[in-house]
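Going by the order they are written in, the chains are A, B and C; count residues from 1 in each one.
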Amino acid sequence: MATLRFADVRRRFGRLAVLTGVSGAAGEGEALLVTGRNGSGKSTLLRCLAGLLAPDSGTIEYSEAERPLDAAGRRRRVGLVAPELALYGELTVEENLDFFARLRGVEGGRGRELLARLDLPAGRLAANLSSGMRQRLRWAWALLHRPRLLLLDEPFQNLDAAGARAVRELLAEHLGTAPEAARRGLAVIANPIPLDIDGVAARLDLDR
Amino acid sequence: MESLKDTLAWLLWLWICAVVLGAFYYAPLAIGFIGQSSRILFFHVPMAWTAFVAFIAAGVSSLRYLFGGRDARHDRAAAAAVELGLVFGVLATISGALWARIMWGAYWNWDPRQTSIVIALVFYGAYLALRDAIDDGERRARLAAAYAVLGLVVTPFFFFVLPRITYSLHPESVVNTRFKVDMEPRMLQVLLAGSAGFTALFFWMLNLRSRLQARQEIAERRELERG
Amino acid sequence: MVSRRVSTWTAEAAAVFAKEWRCELRTRYALNTLALFTFTTLVVVSMSLGPIGISLAQGSGVLPVLLWLILLFASAAGLPRAFVHEEETQTATALRLAATPSALFCGKLAYGLTLVAALEALLTPLYLAAMSLAIASPTLLVAALAAGGYGLAAGSTLVAAIIAQARGKGTLFAVLSFPVFLPLLLLAVELTGKAVAGQPGGGVTLVQLVLYDASVTVASLMLFPAVWNP
């Protein structure tokens, strides 16, 4: 059983109050869709949930198998897809996934499996990828360690039809809405405009 | 509670006045010093001591911030301690240089104690430069605290290194190996009273500065919520 | 499961170390910077203070200082990139989520150590040759370079992690690292001088230098998680 719950999360940057008391929750097999215009705090919220940013106040509770995880635990356990996430341009796609697989203690085959699923050129330097390919690589990176909680910031950005299809399948498998899913994960999806995705159980609109 | 604080503040004021008067009228002149110049001792030494106290206070506050719950109060205290330490340190350096000029004709000669106060000043400056270079409050507190602790860890090594500079113009340390103090009693009294007074002054100013900073942050936040 | 945790930890640190060198060998940024730095300073020092320019007695006092100044500035030019580059290219986010902080620190430290070792290996023989300097105690010199070089690498790694998250990174690194390195430099210079001239008392200085290295290492390991993550 995995659950995510956050309440009254606030975050300021200097004089700018970006998050002003935001609350939400997601359970297994559920996706929380966060919408709002640019600058409404979607990315900030996701960074807080990922443990990359400490909120000024409020609570974020995430637990897997009844065990609560603190920010450090969340950092290791989440899968994040975000525009500002970059991988090493000097390394090839395969070398990048290999490095992170080593860091996370994941077997080498997993990276190759994701490369194939997302149709990524293994031997190309990450710096030479198109923006669409770069987004696919972000997805591969995020799913490498089979995370229970996916945090997706503009997940379909720059993807072509094939890429979007592959990614939708992966998300469906993650949430367990696909029939052959083994266990169900959770997701928080942030996007400027609403998305049509199976499994969206709740919506949080940051433009109040 | 407020009247207790006011009373203590008045007591401190009186104490410092007594120290100043004592420095000029109660304590005798030290042998071997030119004219009235030994009077500087009663200001220079307490201020140098207080700058040292400030360094430790900043380090301790930083440790408490990092490993004791990330309470913003400790961060404010550390920053205030460094600012005040800078003030006391600069005053100690200037008073020491003036005295050196009178006694030995040179403002500066890198003897161990002059050098150590300069190193403290450099650390203070670096700490404040770091704070200045970070915009986000949480990150600034965290990184500044880490640097302060690193500084604290490194400073004992100056004790190994500085005595290498064997030629020291500083007056012989007044405490010899049997811990008997080799100084005129009345001079010692004023000196200790001065050190106590300046240390109390430092902590009082630290408290004021921290509270002022806290009030400023609350005011800013209120302004944000309104607008 | 302690042994499994330890083996994944070492695998992580090794992976970081390997990644650093793989990227570095492809861009050669740090190696080029260090080589260029070494070459220019060596030429200037050698021309002005070489055997023709200065007497041996005067020289042996000054030369340890110059050696360590060159090492200091070269390290400042080449080492901080380990963290600054991560923040600037935004790969730091991925690392924050994927790596254990202590393993990351040790991997980066190991990288810094090998860079400093390469720098010293390149600089020292050339330097000694250019100055026609005879070493009374070569083992002590090697010990000085090892202990001093370690201190430079360890201090640089933590300070680089700090300034990488601030503005004005170049000057800020110099400002923050100078007071931290000062005792290290003074001890290293003294020890090098003793190694060159064959004076006694080097053992004590070496012990103090090693103590400094140990203190900075322990402090860095304890502080790095707080520096790296909120």
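Just so it is clear, contacts are C-beta pairs under 8 Å (C-beta built on N, C-alpha and C of every residue); 3 or more make two chains touch, one makes a residue touch a chain.
Just so you know, these numbers come straight off a predicted model, no measurement behind them.
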{"item": "Topology of the chain contact graph, where touching chains are joined (line, ring, star, complete, other)", "value": "complete"}
{"item": "Closest chain to the centre of mass proxy, which here is the mean CA position", "value": "C"}
{"item": "Relative to chain A, chain with the most remote C-alpha centre", "value": "B"}
{"item": "Which two chains share the largest set of C-beta contact pairs", "value": "B-C"}
{"item": "Separation of chain A from chain B, taking each centre as the mean of its C-alpha atoms, in whole Å", "value": "49"}
{"item": "Averaged-CA centre spacing for the pair chain C and chain A, given as whole angstrom", "value": "38"}
{"item": "Between chain B and chain C, centroid-to-centroid distance (C-alpha), Å", "value": "32"}
{"item": "In chain A, residues with contacts to at least two other chains", "value": "54"}
{"item": "Sequence positions of chain C contacting 2 or more other chains", "value": "230"}
{"item": "In chain B, residues with contacts to at least two other chains", "value": "135, 138"}
{"item": "Residues on chain C engaged by chain A in the complex (per definition of touch)", "value": "8, 11-12, 14-16, 18-19, 22-23, 26-27, 89-91, 93-94, 96-100, 103, 229-230"}
{"item": "Complex contacts: residues of chain A adjacent to chain C", "value": "50-54, 71-72, 75-76, 78, 80, 82, 84-91, 95, 99-100, 102-105, 141, 145"}
{"item": "Interfacial residue positions of chain C with respect to chain B in the complex", "value": "158-159, 162-163, 165-168, 172, 175-176, 178-180, 182-184, 186-187, 190, 208, 211-212, 215-216, 219-220, 223, 226-227, 230"}
{"item": "Chain C partner contacts - residues on chain B that touch it in the complex", "value": "66, 119, 122-123, 125-126, 129-130, 133-135, 138-139, 142-143, 145-147, 149-151, 153-154, 157-158, 160-161, 164"}
{"item": "Chain A residues within the chain B interface of the complex", "value": "12-15, 17, 54, 56"}
